[in-house]
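The two complexes that follow have chain A in common; it is paired with chain B in the first and with chain C in the second.
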Partner chain A sequence: MRPILMKGHERPLTFLKYSREGDLLFSCAKDHTPTVWFADDGERLGTYRGHNGAVWCCDVSRDSTRLVTGSADQSVKLWDVQTGTQLYTFNFNSPARSVDFSVGDKLVVITTDPFMGNPSTIQVKRIARDPADQTSDSVLTIKGPQGRINRAVWGPLNKTIISAGEDSIIRIWDAETGNLLKETDKESGHQKTISSLCMSADKSHFLTGSADKSAKLWDSRSLTLLKTYQMDRPVNAVAISPLLDHVVIGGGQEAVNVTMTDRRAGKFEAKFYHKILQDEIGGVKGHFGPINALAFNPDGRSFSSGGEDGYVRLHHFDPEYFSIRM
Partner chain B sequence: MAAAALSMPEIENKAMNLGIDLSTIDFDNIVLPPGDDFGINSDDEDILHEEEAPEFETGYGNVIVVDNLPVVSPEKFAKLEGVIRKIYSQTGVIKEGGLWMPVNPDTNMTLGYCFIEFNTAQEAKEAKEKTDGYKLDKSHIFVVDMFDDIDRYMNVPDEWTPAEIKPYEAGDHLQHWLTDEKARDQFVIRAGTVTEIFWNDARQVRPDPVYQRQYWTDSFVQWSPLGTYLATVHRQGAAVWGGKSTFNRIHRFPHNQVKHIDFSPGERFLVTYSSQEPSNPRDTHRVVLNIFDLGTGKLMRDFRGSVDDFTTGGSGGLSGISWPIFKWGGGKEDKYFARIGKNAIYVYETETFILVDKKSYKVDNVVDFSWSPTDSILALFVPELGGGNQPARVSLVQMPGKVELRQKNLFSVSDCKMYWQSNGEYLAVKVDRYTKTKKSTYTGFELFRIKERDIPIEVLELDNKNDKIIAFAWEPKGHRFAVIHGDGPRPDVSFYSMKTGGITARVSKLTTLKAKQANALYWSPAGRFIVLAGLKGFNGQLEFYNVDDLETMATGEHFMCTDIEWDPTGRYVATAVTSVHEMENGFHIWSFNGKLLYRIPKDHFFQFQWRPRPPSLLSPEKEEEISRNLRKYSKKYEAEDQDVSLALSEQDRKKRRSLQEEWETWTARWKQYHEEERELRLQLRDGEASDDEGSQEQYEAKEVEAEEVLDVHEEIVD
Partner chain C sequence: MAAVESARPQAAKLRWGELEEDDAGDLDFLLPPRVVEGPDENGIKKTTEYRFDEDGNKVKVTTTTRVRKLGKARVSKKAKERRNWAKFGDAVHEDVGSRLTMVSTEEILLERPRAPGTKEEPSVSEGLGPVQPGAVLMVCRTCGKKGDHWTSKCPYKDLAQPPETFVERPSTADAASAAPGGAGRSAYVPPSMRGGGERTGTEMSRRRNDENSVRVTNLSEDTREPDLLELFRTFGPVSRVYVAIDQKTGMSRGFGFVNFVHREDAERAINKLNGYGYDNLILRVEWATPRPN
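And then the complex of A and B:
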C-alpha cells in the first residue's frame, strides 16, 4: 500500500471529508484555505479562499454542490463546491468548531467555542435552497455545557443532535426543543477531552476518540456503550469503515510532549482495530506528527489521514486487506 | 447532632416534619461546609482513627530542666541567670521569658534548678545532649533532662505489677505465597497512587491480581530479601506487610521523615534512615539511623550524628551519603554490619549491637569496602598515597579476628571496584590504572579465588587493553562472568570462565560477541542465561543469550526500556519503562528465552519488583537428581500446559462467538429501525429515491467538460 502524499497545506490538518460518491476529498487545515482533491489520484482540484483563520471543520452536501466550513475567524461559510464562490457567511462572536449537514441538507448544526465570556453553543441554521434567500437566523440555540464542544452531529432522522467535547461527556439533545435527552455517565464514559466523533454510514452507531487513550463505540439511539478500543496514546481522530467491520484510530503524543528524537516515540500511526472483537489488526505509519484527521472513502476501499505535519496521506488498500481474517 | 445514632424511621419522621421529601434528595450532592461534619462520621473515618493513632504531645517538648545549679541568694540571682543564659544561648534560642529559676519563698534562696524553654523541641534536645554533665565548677555538674521525661517518670507507679502475659496467638502464614499450586511468582507494581500485587500467570498470558491498595506508601515499596515482607514508607516511619490472603500490617517502625530503608540479607533487621535539614544553614544535615528487629519490631540501636560522620570516602570525602550506609556481613545470619568512616571501618555485631572488640578497625585512608555475600570476610580498598610512594592495596580481612587473609599491592591505580560472586567463591577487582603518561587510564581485573588454599590471585587483561569497561557481572552461583567493553557506539561483550584448564583452574575467555547494542548485563538468577540489554541510548534493545551453548536465543526490543529484572526462579524477565519519561510507561513480561508473553501499559509507572524467594531447601544432590530426570518430571507439567492452552483457545473461540452474536443482535435491531424509518428519510430528502444503504448504487461515470472564461483580452498584432 503505497500512500499518495498530498502537500497543499502549510499548517497542520484539522479535518477531512469525502463527498458521498467518494470522488472528492475536502481537507481543512490551520492555514485559512480548505482544499478539494480528487480522491482517486490525489490531484488538487482547487481551494476555497475567504476565511481569515484556522478552518476546523467542513461538511459537503449529499449532491456535492454545497460545502460548509467552520473557522476560527468566528464565521461559518457556505460555498459552491464547483466554482469555489462564497454563497453566504454566518457570523458568530466566537470561533466555530464543528459543522454538520442534516439528512436532506436543509439544516446545519454548528458549534461555537467558549470565548470572551460567551459560553459554548450549539446552533442549528436552516439552509435555503436558493442562496439568495439565506438568512442568518438560528432555528435552535443550545447554550452549551462547560468547555469547548469539539463535535456535534445529527442523530438518526435529524431528531437528535449528538455532541461531545472537553468535558468528556457525550450528550444527546432533542433537535426540536433543545432539551437534553441523554448523557454518558462516569463509569462508561471517557475520562478526558473527547477530540473526535464519527458517525457510521447508517447513523446507527458512532465512534468517539478521546485524550484518555481510548476510542469508544456507542449506540446513537440509546447511547449504550458497545465497544472500547484501548490505545497507548491520546486519540485525535477516528473513522469507521463503511465496508468491513474495521475502525481506524489515529493520534499521538501531543505536540508539546514530542521531545524525543525517535519518531517511534510519538506513535504517529493510524491503527486499525476489528470493530467487533476489539483486537488490533495493524497500523499505517508515515506521518511525522500526530494524526489530526481520518476519513474513509464511502466505498471503503481507501482512506486518508491528515497530520500535524501538514500532509494528507491517501491510502488505497491492497487486495490483501480485504481478505484479513481474524 | 449525632446523625449516626438516629434510626431510619426517625430520620423519615424528622424529614416529614420539616417538609422534605427524602426520595427527591440526591445525597451525593450534599456538600457540608468544610471543616464541619455535623458529627457525622464518614465511612472511612473509623479506619483513619485506628490507623493513625496520633502521638500525644504535651507541648513541653521544648522545655528542659537543668538541675544541680548553685543555690544563690537574691543578690547573686541576676549573675547566675546571666551565666545560664550565656551557656544556653549557644545551643539555641531561649524563648522570651523562657528561663525560670524558682525561688524558695521562705529563704529567698534559689532552689538549685531552673527551667528553660527553647523555640523548638529540636533545640531543646540538642541543649540536653550538649550540656548534660557540664561542669560549672567542681561541685556543680549540670544534670539536664527533658521536662517531658520528668513528667513521665513521675507517673511511674511505685509498686511493681507483674506484666500481663498475653496468650499466644498464631501468626499469619507469611510464606503462604510459596505454596501456590501453579508455582507462580508474585510482583509488585506502583503506578499513579496505586500499589498492586500480581501473580505472573504466564500460562494464561496475563497478570492475576492478588491485592491492590491506593496510597499504600508515601514514596516507594520494597520486598524484604527473602520475600516475606513488603515494606512501605511513610512520613511517620516504615511498615512491613505480609500474610496469607491479604497483606496485613505486621509491624510499624516509627521514624519521622524516613527516607531510605534497608533489610539485612537474612531478614532479621531493618535499617531506616532520615536526614534533617538543619535549622542553622551553616550546620550540616542531621542524620538519624535506626536499626529495628524485624521479628519483634523493637528498636535495637540508633545512630545519630551530622551527615559528615556518615559520608563514605576517606581523605577526599564525597558529598552526600551512599545508601546503604551499613553493609551487612556474615552471610544469611546477619552477624555483622559495618560502615566506613574516616581512616576506619566500624564493624558492629548483632548480638550486642556494639563494635566488635569494642573498637573500630583502623585502616588509614580506606575508601571502599564490601562484605563477602556468604562469609564474614571484608574486602578493603586503600588508594595510593604520597604520590605513589605507598602503593594502593586491596586486602581481605576475616572477621571477627581482623586477620588479614590476603593482600595485593597495586601501582599507579586511579580507581578500584569490587565485585563478589554470589556464593562468595570469587572476588573480581576491576582496577583502573594510569598509563605511563598519566593522561589516560586502562582497565584490568584481579581475580581472587576465595575458597582455594592461600587465595590465589590471577590477573586478567582484556585483549585490547584500552577498551573501556561498560559493565561487569558474575553469573549467579556460577563460575563465569560477562564484560561489556569497547569504546565505540557498539561495544563488544565477552564471557570468561574461572574453571578451565584442568586441576589448577585458570581463567580464560569463552567467546566475544562483536558490536552489540548493549550497555547492561542481566544474568538469570539460575545462571546459564543472560540478557544483554541496551538501555537509555540504545532505546531498549534486548538479546537473550545462552552461555552454555554460546548462542543467541532471541532478540527483542522494549522501546525506551529503563529497568530489567529477572524473576527469582529465572523463568521470566520483566522489562519496564518507569516514569523517568512520560511516554511508553508500562512493563513487558518475557520468557527466559526471549518470547514476549504479554505487555501491560500503565501511566505514571514508578516501580516494578519481583517478590524474592528464599533459597531452595533442596540439597545440591537432590537438585542434581531432578535435573537428571527432568524429562520424567516435566511430562506432568507439559500435559498441564497443553490443557491450559486448549482451554484458552476454547475460551477465546467462545468469546469471539458471543461477541459476534451480540453484535448481530445489535445490527439486526438497527436494520429494523432503518427500514422503518426509510419513508421518513425519503421525506427529509424531498423524495430523493436513492438511499445509499443496502443496495449497491449503480452510477454512470460521465465526462463533463466545463469551460470557464477567465479573461478576454484583445491585442493588436501587426
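And then the complex of A and C:
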C-alpha cells in the first residue's frame, strides 16, 4: 500500500480518532493544536486553536458535530467540529489526560493527572445539547488510583467506567455510584504502566497495551483475561479492527537502548496480530520514531498511525489484506 | 511585517516563511492568476501559480500531481456534505504549494513474519531479485553485487573496490588513502602497505577526488557499501564507497563516505539525497570536507 504522510504537527503525536462515519480523522499532538483531516486522501480540513499545552486525547460525538479535547494546560475544551470555534472550557487543577464521550454523547468522562498534591481523578461531566446551557459541575468524581490514569472509557451501555494507568491495574467502576466493581490482580495483569486502551466496536471486549512489552485482551463485563500478545518493545498504542479478527499494536524503544550504538536504531513498525490465535500477522514499517497513536477506520478498510516523528501515516489496505489466512 | 507576526503567534511557526509575500502584497495584481489543468486521462493534474519570492522576483510554481482513484467508498450524505466544509484554523490559507499531505514514494507492505531459519529480505537495500530456479548465482568480486554479472564483466572495474578491503581498515574515516590502482588489484596488498604505494604518484588525482567526497550520516545499521553505491550511482560514476562498520557487532556505525568522479554529480547527490528517507531513517548528506570552493 502507499501510505499517505501527513505532517501537520510539529511535535510528537499523542492520539488519533476517526469520526463515526470514517470520513474525518482527528489528530492530537504535543503541539497544542488538534487537527482534523479528511480520512480518504489525508487533506487537512482545519485546526482547533486555543489550547496552551500538549493535547493528550480527544473524542468526537457520533454526529461529528462536537469535539472534546483534553490537554496538559489543565483544561478540557468542547469545540464545534465544523468551524473550529470553542464552545466551552472545563478547568481543572491538574493536566487533563483522557476524554471519552458516552454512548449518546450526553456525558464525557475525563481523567486528570496527579499534580501538586492533588491525586488523579476520574470525573464525569454532563454535555448540554445547547452550548449556552453548559455548566461545569461534575456529575461524578472518583478518586483512588495511585499514579496517573492514562485512559478511562465508558463500558457497555454506559453502566461502567473502565480505567487503566500507571499502577498497571485495570479497574471497573460503577458509572452512577462511583463504586469500584472489579480490578485486575498483579499476576494475570500487566506488570508495568498501561499506556493505552481501546474498546472493541461493540464494547464487549477491550485491548490494553503496556510498557511491559505486551498487550492484553479483556472481557468488558467480567474483566477476565482473554488473550495476550507479546511484543519486543514497550507498547504505546493499540487498536482493534472493527472488521476482521485483527489487532494492531505500536510501540517505542526502551530508554536504555536509545543511545547505545550496538543496538537496533529502531525501525518502528505497527504490528498486526490475529486477535484469537495471538500469532503475528505482520508489521507495517515506516515511522521514523516510536508509534504513539493507532486508530482503525470504523469501516476497517484503512488505519492510521501517529509517531514521535510528528507524522500521521494513513494506510488504505491492499485487497490482499482482506484475504489473509493464518 | 512585525504586526502580521504578532497577530497570529500560534500560526507563526508554519507561516513566517510566507511573510515576505505579504510585504509584496500590494503587487499581487501583477501576477497572472492560478491555472489548473484538470486531471487528464492518466490522472495528471498541473497547477501553475505565480508568486513573489524574498527578492521580489516573480516566481512560477508548477505543481504536478497525479490524481488516483483509490477505490469506491460508500459515503453517507452527511459525510459528502462535510467534504465541502470550508477550511478553518491554520488550514485557511492553504495553497497548492503546501506539502502537508503527501503520498509515500515507497510501497509499504504488511510484511509477514519469516519462519525462523530463513533469511529475511531487507525491504529497501540490496534485494536479490527473483532468482529463477536452477539459475547460477553470478557473484562479481569487484563490486560484490550478486546476480548481475561476473567479475570480468564488472562495469565498475576501475571504480569502486570490493567492500572487504574496507572492513579490515581501522574505522577512522580516513578518506585520504585511496584504493590501489587498477593494475595492483590482482595481488593482495596488506593494509600497512596500501597507502604507502601511491603516496607520491596519485596524490594529485586523490586530492581532487577527496574534494568530491560526500559524507552520509544517519544510515540504518544494516546499510553496507553496495547499498550506498546503488543509491548514489544514479548521480554519476562513483570511485569509492565506504561505510563505517562496528567490528564488534558487524553493524554500520551510521555513517559513510562516497567519492564521486565528478564534482557536479556529488553536488547533485547532496541536493537530492539530503533529507531523503532511506530504510526508515532520514539521511544527512553533505560535503565531507568543509565546503571546498
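For this structure, a couple of remarks:
One rule holds in what follows: the second predicted complex is superposed on the first by the 314 of 326 C-alpha atoms of A that agree within 3 Å, B and C clash if a C-alpha of one lies under 4 Å from a C-alpha of the other, contacts with A are read in each partner's own complex, and residues count from 1 in each chain.
The rule is simple: contacts are C-beta pairs under 8 Å (C-beta built on N, C-alpha and C of every residue); 3 or more make two chains touch, one makes a residue touch a chain.
Predicted model, so just to flag it, every value in this text is computed and none were measured.
Once the complexes are laid over each other on chain A, chain B and chain C cannot both fit and instead clash. In the superposed model, A:21 lies in contact with both chain B and chain C.
By the document's definition of touching, neither partner reaches A:187: not chain B, not chain C. Of the two partner chains placed by the overlay, only chain C lies in contact with A:48; chain B stays clear of it. By the touch criterion defined above, A:219 reaches chain B but does not reach chain C.
Contacts of A:316 after superposition on the shared chain: chain C is touched, whereas chain B is not. Counting the residues of chain A touched by each of chain B and chain C gives the higher count for C. Once the two complexes are laid over each other on the shared chain, residue contacts for A:130 go to neither chain B nor chain C. Of the two partner chains placed around the shared chain by superposition, chain B is the only one that A:62 touches, whereas chain C remains out of contact.
In the superposition on chain A, A:158 contacts chain B only, with no contact to chain C. Using the contact criterion defined above for the overlaid structures, shared-chain residue A:33 touches chain C, although it does not reach chain B. Clashing C-alpha atoms with chain C appear in a single stretch of chain B, chosen from 133-141, 385-393 or 529-537: 529-537. Once the two complexes are overlaid on chain A, the chain A residues touched by chain B in the first and by chain C in the second are 21, 82, 262, 264-265. Per the touch definition, chain C reaches chain A in the complex via residues 10-11, 13, 70-71, 73, 75-76, 78-79, 82-83, 85, 87-92, 94, 99-104, 106-113, 123, 220-221, 246, 248-249, 251, 253-254, 277, 279-282. Residues of chain B that touch chain A in their complex: 539, 559-560, 581-584, 586, 601, 656, 659-660, 663, 666-667, 670, 673-674, 677, 680-681, 684-686, 688, 692-693, 699, 706. Note for the complex: chain A touches chain B at residues 20-21, 62, 82, 102-104, 106, 156-158, 201-202, 204-205, 219, 221, 226, 232, 245, 253, 257, 260, 262, 264-265, 276-278, 298, 326.
By the touch criterion given at the top, residues 1-8, 10, 21-24, 32-33, 35, 37-38, 40-49, 63-64, 82-84, 261-262, 264-265, 267-268, 272, 280-288, 313, 315-318, 320-321 of chain A touch chain C in their complex.
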